[in-house]
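By letter and in written order, the chains are A, B, C and D; residue numbering begins at 1 in each of them.
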Amino acid sequence: MEPNKRPSIHISGGKQTLTLHNPVMGASGAFGFGGEYAKLVELDLLGAWVTNPISLNPRRPASGTRIIPLDSGVLVHTGLPNPGLYKAFRQYGTRWKNSPVPVIVHLIGTSPEEISECAIILEGHEEIAAIEIGLNDSAAYREVRAIVGAARSKTQLPILVQLPLASAPLVALPAFEAGADALVIAAPPRGTARDPLTGRLIGGRLYGPPVKAQALRATGLIASQVKAPIIGCGGIHSPDDARDYLEAGAAAVQIDSVMWVRPALVSLIARDLGGLEMTRPAGSLPDEWSHNTTLPNASTRASIFPSVMPLPPFTPPDDLP
Amino acid sequence: MHEAQAIIERVRRVSPTLQRLDVAVDRRQAEIAPGQLLLARTTDSYDPYLRIPWVPVAREQGTVVIERPAYQSYTPGQIVSLLGPVGKAIPLPETIRALLLIAYQAAPTALLMLANAALARGGGVALALIGSAAYYPVETLPTEIEVIRAHDDLEWAERDRMLGWAEQVVAVAPAGFDLPAYTRLMDHIQRLRVEPADGYAYGLFHPPMPCGVGACQACLIHLRGGHEAAACTDGPAFDLKGVRLDGA
Amino acid sequence: MEPNKRPSIHISGGKQTLTLHNPVMGASGAFGFGGEYAKLVELDLLGAWVTNPISLNPRRPASGTRIIPLDSGVLVHTGLPNPGLYKAFRQYGTRWKNSPVPVIVHLIGTSPEEISECAIILEGHEEIAAIEIGLNDSAAYREVRAIVGAARSKTQLPILVQLPLASAPLVALPAFEAGADALVIAAPPRGTARDPLTGRLIGGRLYGPPVKAQALRATGLIASQVKAPIIGCGGIHSPDDARDYLEAGAAAVQIDSVMWVRPALVSLIARDLGGLEMTRPAGSLPDEWSHNTTLPNASTRASIFPSVMPLPPFTPPDDLP
Amino acid sequence: MHEAQAIIERVRRVSPTLQRLDVAVDRRQAEIAPGQLLLARTTDSYDPYLRIPWVPVAREQGTVVIERPAYQSYTPGQIVSLLGPVGKAIPLPETIRALLLIAYQAAPTALLMLANAALARGGGVALALIGSAAYYPVETLPTEIEVIRAHDDLEWAERDRMLGWAEQVVAVAPAGFDLPAYTRLMDHIQRLRVEPADGYAYGLFHPPMPCGVGACQACLIHLRGGHEAAACTDGPAFDLKGVRLDGA
């Protein structure tokens, strides 16, 4: 691995600090429980990765698990199945211990009581570098304070709070004041779409590039209002997407469904943002490096500008404003 | 299981509705076994967003043969991105003598590599094309395969004889209709053989697979005993004896 | 024109009633001020159309008007230029009078005072069938009540209130209680994207099919909570999209950017939802009718189901559950 | 101005970087004039979402010729949806003798139909290809056009002579860089002719056009006198004397 050129990011909470050697993390819900992506992406390039959502008690999958393809995206409805926190440690604890980068456990933030209990369990485990709390879309000021506060009172681990896109501007401040060490903006927004197989309207999480514009806006708004470190998340599909979040005020980013559709981009994004070597190594196969992967679709998009149409992309001369 | 680029080397129209692509794949993906999938991206656009499952109908010397609808457009020389092989091989006995394949309201595409493997081992292969599958262009199939076509559902004439003849049955039905289809298949089997042997009847499960690596939890199949398995890592073929066919 | 098979929709407010002979309307911001679409779409098929946003005083276009292509959508930043309400009447009044279907004026809901004044002006004009008030994303409970209440106290016209997607679940009830006769869910959501021409991050309105899942979800939620007639709006690009809103609880729909990208679909959607004749007329050109136009992209999407892949779409037998 | 289907009848590679499509269009769109656009959808996908502006380089008997980058893929027989004609014709005097066209850091595509119209009226046509435009493959142009190529900006050698020679000047520059480019052009012109005549210098404005009918307000150009005009209905060509070149 090449030397890391960008300074590390420190997120301190309680008595412990989460150190990210790269601003790019794998997001909850897309990355799996136990490093399922270890064979597909260069895990050690990432700053950290977040487990799929875990509850205190096991959750069965939704009886109607559904995947609905949308334009440039997908709606996913799984019911957030997970083995519960105790069994998750038995099933995945060794893999978490062996992870080359910090592991953050995502807790489903149902109630203050449940979160307290989970925080106490996690407290004893050195293989866990931080907690991320997921909030329900409908959680408002008081509930957010109670849930985050419950975790804060029980753990010295850094606490990240992932905010629903819809309520992020409203609950960012209470989450921060109640003890969040960083805010993740945002969780995948929820939507409704018709399932082509059953003909029924289904609710679920939305993934894909179209999520980015809204999450980036929320990141910009909240970064200007709340003094917490912000982690941008939503629709990142290229190094440029990730850099947009940093420019809007985020200290780091989480990437989600791009891992499903173009896992090779994960390393590219992490290398780019981490200041790592981007040059194509001599003798490498096109699979391993492609300039083109940084700009999917850019050539098609450029076609809405007819004047520049049939020429290669051009750089304006220096003396033009 | 990895992501690699592949090249479409040849595009052949094999029937009015189907075309087949010879795709040069990398060494590890060329080892793909019957039942396993490749998840393909053919454009730079994110529409469609999820990768398209490609189930080869044959493989040979670094090339896999992919069957696609004729109305789609592919070009020789086109470079595609493939993720795979996804899933496990369909278990096939070393000395299979009689293999019954059933395509129920679905193309038999995902069964053809298995058919070829059984033929190569000297086994007899019958393929029942039920419902809309009866419209599948049989001229594309190896002539050694005995084809049975039936328009009306699982009540086909030769059914009980074929189920008795077969050492192994592998069925495919479309996502969303797989459980009811396999339920009825198992009902018929149970009426013939009090309790079917382990590994006698397999069903293929092809839910959409966003990740293909067991991470997104979107392709879970409910198994007997109250646990779940991911179609993408433990399937797509499951011994139907072990599946909760009521889906609960 | 064929006879209308679906019963008309009545939205009553004050002493006047807005009658829609078709549940499909043209939305503000996409349809223009004065029937710019009259040459491209069969205006008389629509239930009504809503003008572009109009303020009391003229608004110049944003100095940085920007259009940013996104995956399956677009970000539009215009600054909502308009001639102001007085001049709008001079410029477009005759066309509003001559419109074959009701014209709804969209007012930019900046302050209660401005809205009062606009409502008073509109009151005297018979060519106006209703008012639609657009709210700012940041307008909360109190401000929404004040703005809608100000209009209600000054006009007998039916009042539609178009809610921002982000705040819709929060402000639907106050808007209704303050006198809204119908709620439009939702205004195009706002997002941020990088302008490829200037390299700067730009805020603006988001249009395109990806908007639908979130707006449909908000429609379902609000329809189950607020007893107001709901008008669904966002990402409608096919008759099926429009029908999804009706199933989620909307009484009518507004269509926006589909007019830009596939104007021929407007008539198709209106005919389908209005119960009008859909059969392809003998001798018509393919331009005028296409079965395919109802299902853009459906064949590509279906390809994620490999088992049904190379066969035509199939109908499950009746005896399957 | 309406929406209609059209058929790509022929696809010709005219240079290493360019191809030209012969597109059979309906009667009203076949009447398209120099400067007007067609807004095209070539796929069922909504990615890309907005229609792509097509500016014909020639028209003849129900067919228009469209110039596209060579790396894009088109098929003879392909059906596309076209919206148009969008905008107004570039005003060209009936008896033009000397027409100067300037492509500044942009392809001259949008100027070629006007060049042909002027040649047909017996006029002389000069085309200045400035900056990146100098890489435009001139072998595709009618030989009657005098081509001037300059890599360095608006300081090309023949500039003042050509501006003096021309009865009319029409320039194209890329969206986003149009105002500064036209500002400098007008500076040069003003230095030569104290006050240029009305209709002497036109600039083409090609901002993205979501609607093309004047409804979305996304393509406004600021005119002198404090009002705005839509590039899609009042343009794309504007007399540069009437445009607020500072953009305010």
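Quick note on the criterion: a contact is a pair of C-beta atoms (placed from the backbone, for glycine too) under 8 Å apart; a residue touches a chain by one contact, two chains touch by 3 or more.
Quick caveat: nothing in here was measured; it's all calculated off a predicted structure.
Student: State which chains count as neighbours of chain B and simultaneously of chain C.
Tutor: A, D
Student: Once you count every C-beta pair in contact for both, which comes out on top, A-D or A-B?
Tutor: A-B
Student: Determine the centre-to-centre distance between chain B and chain D, using the mean Cα coordinates as centres, and give it in whole Å.
Tutor: Distance between chain centres: 53 Å.
Student: Please tell me the distance, in whole Å, between the geometric centres of chain A and chain D computed from their C-alpha atoms.
Tutor: Inter-chain centre distance comes to 44 Å.
Student: Using mean C-alpha positions as chain centres, tell me how far chain A is from chain C in Å, no decimals.
Tutor: 33
Student: Which positions in chain A are in touch with at least two other chains?
Tutor: Only 67, 69-73, 208-209, 297, 299-301, 304 qualify.
Student: Can you list every residue of chain D that touches 2 or more other chains, as numbers and ranges?
Tutor: Counting only residues that touch two or more other chains, chain D contributes 45-48, 50, 175, 177, 208.
Student: How are the chains arranged in terms of who touches whom: line, ring, star, complete or other?
Tutor: The chain contacts form a complete graph, every chain touching every other.
Student: Quick check on the complex: what are the chain B residues that touch chain D?
Tutor: That would be residues 45-47, 73, 75 of chain B.
Student: Provide the residue numbers of chain C that touch chain D in the complex, in ascending order.
Tutor: So the residues of chain C touching chain D come out as 29-33, 36-37, 39-40, 52, 60-61, 63, 65, 67, 69-74, 76, 78, 80-81, 197-198, 207-209, 237, 257, 259-264, 285-287, 292, 296-297, 299-300.
Student: Please give the residue numbers of chain A that touch chain C in the complex, ascending.
Tutor: Its residues touching chain C are 67, 69-73, 75, 166, 169, 189-194, 196, 201, 203, 206, 208-210, 212-214, 216-217, 220, 240, 244, 247-248, 297, 301-302, 304.
Student: Quick check: in the complex, which residue numbers of chain A touch chain D?
Tutor: So the residues of chain A touching chain D come out as 71-72, 297, 299-301, 303-312, 314, 316-317, 319-321.
Student: Mind pulling up the chain B residues that touch chain A in the complex?
Tutor: That would be residues 1-5, 26, 41, 44-51, 79, 81, 83, 175-177, 207-208, 210-220, 222, 228, 247-248 of chain B.
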